[in-house]
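Labels run A, B, C, D, E and F following the written order; every chain starts at residue 1.
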Amino acid sequence: MRPSGRAPNELRPISFTRHYTMHAEGSVLVCFGNTRVLCTATVDERQPPWLKGSRKGWVTAEYGMLPRSTGSRMPREASRGKQGGRTLEIQRLIGRSLRAAVDLEALGERQITLDCDVIQADGGTRTASISGGFIALCDAIAGLRKRGQLKRDPLHGMVASVSVGIHNGQPVLDLDYAEDSSAETDMNVVMNDAGHFIEVQGTAEGHAYRRDELDAMLDLAAGGIEQIIAMQRQALED
Amino acid sequence: MRPSGRAPNELRPISFTRHYTMHAEGSVLVCFGNTRVLCTATVDERQPPWLKGSRKGWVTAEYGMLPRSTGSRMPREASRGKQGGRTLEIQRLIGRSLRAAVDLEALGERQITLDCDVIQADGGTRTASISGGFIALCDAIAGLRKRGQLKRDPLHGMVASVSVGIHNGQPVLDLDYAEDSSAETDMNVVMNDAGHFIEVQGTAEGHAYRRDELDAMLDLAAGGIEQIIAMQRQALED
Amino acid sequence: MRPSGRAPNELRPISFTRHYTMHAEGSVLVCFGNTRVLCTATVDERQPPWLKGSRKGWVTAEYGMLPRSTGSRMPREASRGKQGGRTLEIQRLIGRSLRAAVDLEALGERQITLDCDVIQADGGTRTASISGGFIALCDAIAGLRKRGQLKRDPLHGMVASVSVGIHNGQPVLDLDYAEDSSAETDMNVVMNDAGHFIEVQGTAEGHAYRRDELDAMLDLAAGGIEQIIAMQRQALED
Amino acid sequence: MRPSGRAPNELRPISFTRHYTMHAEGSVLVCFGNTRVLCTATVDERQPPWLKGSRKGWVTAEYGMLPRSTGSRMPREASRGKQGGRTLEIQRLIGRSLRAAVDLEALGERQITLDCDVIQADGGTRTASISGGFIALCDAIAGLRKRGQLKRDPLHGMVASVSVGIHNGQPVLDLDYAEDSSAETDMNVVMNDAGHFIEVQGTAEGHAYRRDELDAMLDLAAGGIEQIIAMQRQALED
Amino acid sequence: MRPSGRAPNELRPISFTRHYTMHAEGSVLVCFGNTRVLCTATVDERQPPWLKGSRKGWVTAEYGMLPRSTGSRMPREASRGKQGGRTLEIQRLIGRSLRAAVDLEALGERQITLDCDVIQADGGTRTASISGGFIALCDAIAGLRKRGQLKRDPLHGMVASVSVGIHNGQPVLDLDYAEDSSAETDMNVVMNDAGHFIEVQGTAEGHAYRRDELDAMLDLAAGGIEQIIAMQRQALED
Amino acid sequence: MRPSGRAPNELRPISFTRHYTMHAEGSVLVCFGNTRVLCTATVDERQPPWLKGSRKGWVTAEYGMLPRSTGSRMPREASRGKQGGRTLEIQRLIGRSLRAAVDLEALGERQITLDCDVIQADGGTRTASISGGFIALCDAIAGLRKRGQLKRDPLHGMVASVSVGIHNGQPVLDLDYAEDSSAETDMNVVMNDAGHFIEVQGTAEGHAYRRDELDAMLDLAAGGIEQIIAMQRQALED
């Protein structure tokens, strides 16, 4: 039995609220159960300096947690004077995942930055960030297209992400904090709408997992991401 | 005529949403028009080290803006590696203002930290932070009292804040960004429910102001803060 | 009775020593009683990058205290690796105050930096910095004019500053450290030679002040600043 | 055809030189082809502060590249003032991987730090670090046992790691830099001597991979790690 | 001919003004010609942590230059966020030099910090800092003795320093900035009142020097330091 | 008797292994006894910005110690976020010393960076770095000449370095760690192949040294450096 009473292959209630704040080119509040992340996309009409000379653009991400998004207050990274390893790792993952859906030449000599800020954390903040960040990215690109700044659509697919793990010996989908903190194994999976893998990151601090467990987790992830992509499609149509 | 069409002494619509996030001891979303700030209060049962030996507690604040809370994206202070002067100045102001309502000996050997994070900015983020932070502080203290951790109430008053300024030659109350960016003079005022001053910070970059203009701004502020305190009272009763 | 034996509206002995060091374009040692601050003005013939494209110049300030300018040694900010919030707040105040007397277009595409370094502190270092920094700024601008680098005088007024406060229930002028550390209320006021306000910053950590107390402090400040401006005039004529 | 002429499932020549430097409790130079990493283990008889109160010890890792270990010089992280995201990500991976083989209670209230410094890089520095770091860890623990400082062996398994990827459409084992920089997909796998997974980290910047490609890469990794563990055993017996 | 018209073995006018500021346990303004350094000594009754367990005290130094102590403004190290290599090198030199005159056991479990802040620079700031810092140290120790906090005198000698160099092919004593910036060789020498060497630091960026040139410079330094020590004695008697 | 059994004027076994790593333009492993330093030279075809407008190039150095190159582990400077004073002092010394052998105009508008990384420390790491760095510099310059990128040879001499000191009252050459840590006096000397001095840095923390002791140490250094230069010549011919 899962702490939340969900079936092993059951997602939490998921929602995407577009146009959540008024200034950004894309702004989405994504909720995976009690996890709430504000994803905003900013278009900067300057190419990052290290791409100078190419005709390419770039998509990057930054991630942060509000100090009291968690059960006990985390020191503010701005006042500590640096971002921790976990933060850097997550924002690199978000950026790579979203770039996998973008033709950087078609994007042109500009940069889109996704800011993923966790308002409330209950497990799965990075997978929510990727799934919600994709919608914010779509909105920012749609704006560029509407204003005639893009010759062709730089998006060549959809991207979503979910976590899977082994909890009490059972493979489960979309772990909340209660499960996550007692899981033997935790895996974050990013896939596209063709059902192919963009990222697989599985970690066993407690218990090394067998190949059949890995296979079961990948099956769960594929099923969950298919549902999330359907919800993204719905959100983009509204 | 003000850009927003408001009367010179008219506040924007103000709201305080308590229990906005689930983890913090106090959590309030405060809105002053389009300005939205999440204020959370965290109780830490350890006295700050520099108070060791006294019987006192402490109230402090930290302030941050989400990168795209503003019209153009601001670099994330965590990735720049330091908090800017404006941030430090504002969080010192919030902390001083709230401490003015607290008997630090009655609070006991603990610390309450107010995190004020700007979700969306449209002028007046520091005055919204103080006004909303006060509600979050009340909720955190109420929690301590409910659990029997306080012998007597450390709160000896209420605190609220508003901005005033001179715009197009006219003293006006509660400036939004459109007014703020073209105002000749900008003043932030913090007062308590006895109508006394806790902080007055007035700045004239463009146009030095006369004593009668200062007096008019202080009158406007006193009137505005009286209304905000009434709204705070209402919010705390709900 | 004030600790120093002064009357409530009595300034400390104030002096401005021009040409105190030999390298700077303006160099003034300012003394307010035992408070001694070295203010130097440096002319940099490069416009700050963020003004590029405008025809304006800029005036900015930096503030520092020598580690043993105070009763107990303060850690050197250079070795701690960052400037504290108080330092940033003060140097922003000094810069804003001095800019209020300068026509930045008339200054042309250059920058003047005022360095205010506290040699010995006994209360009122920021107000001494502003009052002395103004003289250093005048000398730097006079040098530019002498060398024919300015078409018209960018200075359109004089600027001085003083602190006022409430000590033992009585409004007093120009607090020294003994008063400052036990004052209920402390206010720094910056005015120009027309008697108008540039900055008012009043703080009540202990005791919220009434409007009539605020009025009395502003009256004291206006009287004090009038005297300081007379001394500045005298110093500039020597 | 692979650039190196190797068969798809062929490892590079691998060697472990123990006792490579004289001061450390464990010191191993590990070579995977031209990739050379110096792994040293340091025993610190102090428990990390955040474990205070438990009876546990800790194993952690730090990773660095000499500035000219690579084709073009990388700025020294010590002079840039911070470790980059990639460095933090890798050292977190090394630490987690090695902890998976250690019973932290049996280790007792002490900490072992693995320093993995890349002398020469030619792809696969993180997998070489884990594989070589494990030997250095064994030597450090053997020293503790020899001196009678451990009641029971804290090691409950062996750990090794290898990279796999898809290059020119073909799954390949143990990529060197020439392959790595043109691979469509890159995956780092950490396993134990029971053939179970400790970490799987697969990334597709260019080309999302199908489930059958993922399966083929995992098969290659399992075969490669089995061989590396045999070489580790041999090195530990010498 | 030297730019200053001095004879090759002629010092600049040197003065030591004791009790220059009012807060420090020792406070000396030292002038070597136009070079002016404020040296303050602070007694801290806490042993530095790394001496815990020994019965020893410590003497350390920090060095800084006011931004406009030099011909062109140097960025403030506090705002750059770190002390430069030259600063660290000089403050290490000052600390080592002064410790050479102190019996650290006789000093007891306390620390004396010498802050050497350059008000105006015209060459030789480090040698002035050492020579003036020694007087400030004497005053701080005399204060401890007066208050009965020392069983025996921890000072076992006097310390002074001067620069020598080769300018236009000629060995010269106590270089000012005009000479220093065009010298082929520059050497800083620290000696005690027994005529023995504490530090010799000679650098040839332009022209490697012969042994006979080195000998001539050392002779000049010995003669100059003897005179400086006589002036220190005089200053301490006043 | 020296701890190592060497004669007072006897060097440790010294070796220079060229082409030690494969990527750098110059790469030398230098051993002075158990001290092992990897010196690599990187040619950067961009002039440092502060030389813009001149026709000159630059030679600079960076120095680092692997965390466990020493008896007890030193915290990694990259993770502490800054280089210590000792590191900065040493890398400035290495850079100055090597520049003394280079005609910077003949080098042209490029920069050569010497990275000196200590693999194993047993005293004399800075003198080994200079002596080995010189060989790496020669190889980098030879490469430039071979590719026809230099009109004339920018090297106008050879540079080597050794330490001398007074141990148990006796002047000794090339101190290892056992001697260094108990020496009364320690001096690092850098000379060229004409027998002239480039740097002399002598420090007496414990015991101030007499002129005759200084002379004896300089004699020892001159003899040692002559031998090291012969070994450098041999290495360059191989």
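To be clear about the criterion, a residue touches a chain if its C-beta (ideal position, glycine included) is under 8 Å from a C-beta of that chain, and two chains touch if they have at least 3 such contacts.
In this text, all values refer to a predicted model and were calculated from it rather than measured experimentally.
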In contact with chain A and chain F alike are the chains D
Required steps from chain D to chain F (each step between touching chains, minimum):
1
Supply the minimal count of touching-chain steps required to go from chain A to chain E.
3
Please state whether the interface between chain C and chain E is built from the same residues or different ones, using more than half shared residue numbers as the mark of same.
same
Relative to chain E, the most remote chain by C-alpha centroid is chain A
Based only on mean CA positions, could you tell me how far chain E sits from chain F in angstrom?
28
Between chain B and chain F, tell me the centre distance in angstrom, where each centre is the average of that chain's C-alpha atoms.
59
Mind checking the centre-to-centre distance between chain A and chain B? Centres are C-alpha means, answer in whole Å.
33
Two or more partner chains touched - positions in chain A:
81-82
Going round the ring from chain C and on to chain E first, in what order do the chains come?
C, E, F, D, A, B
In the complex of these two chains, what residues of chain E are touching chain C?
21-24, 27, 34, 38, 40, 42, 44, 62, 64, 66-71, 73, 76-83, 87, 113, 115, 117, 119-121
Complex contact set, residues of chain E against chain F:
82, 84-86, 88-89, 91-92, 96, 99-100, 157, 187, 191-192, 194-205, 208-211, 214, 218, 222
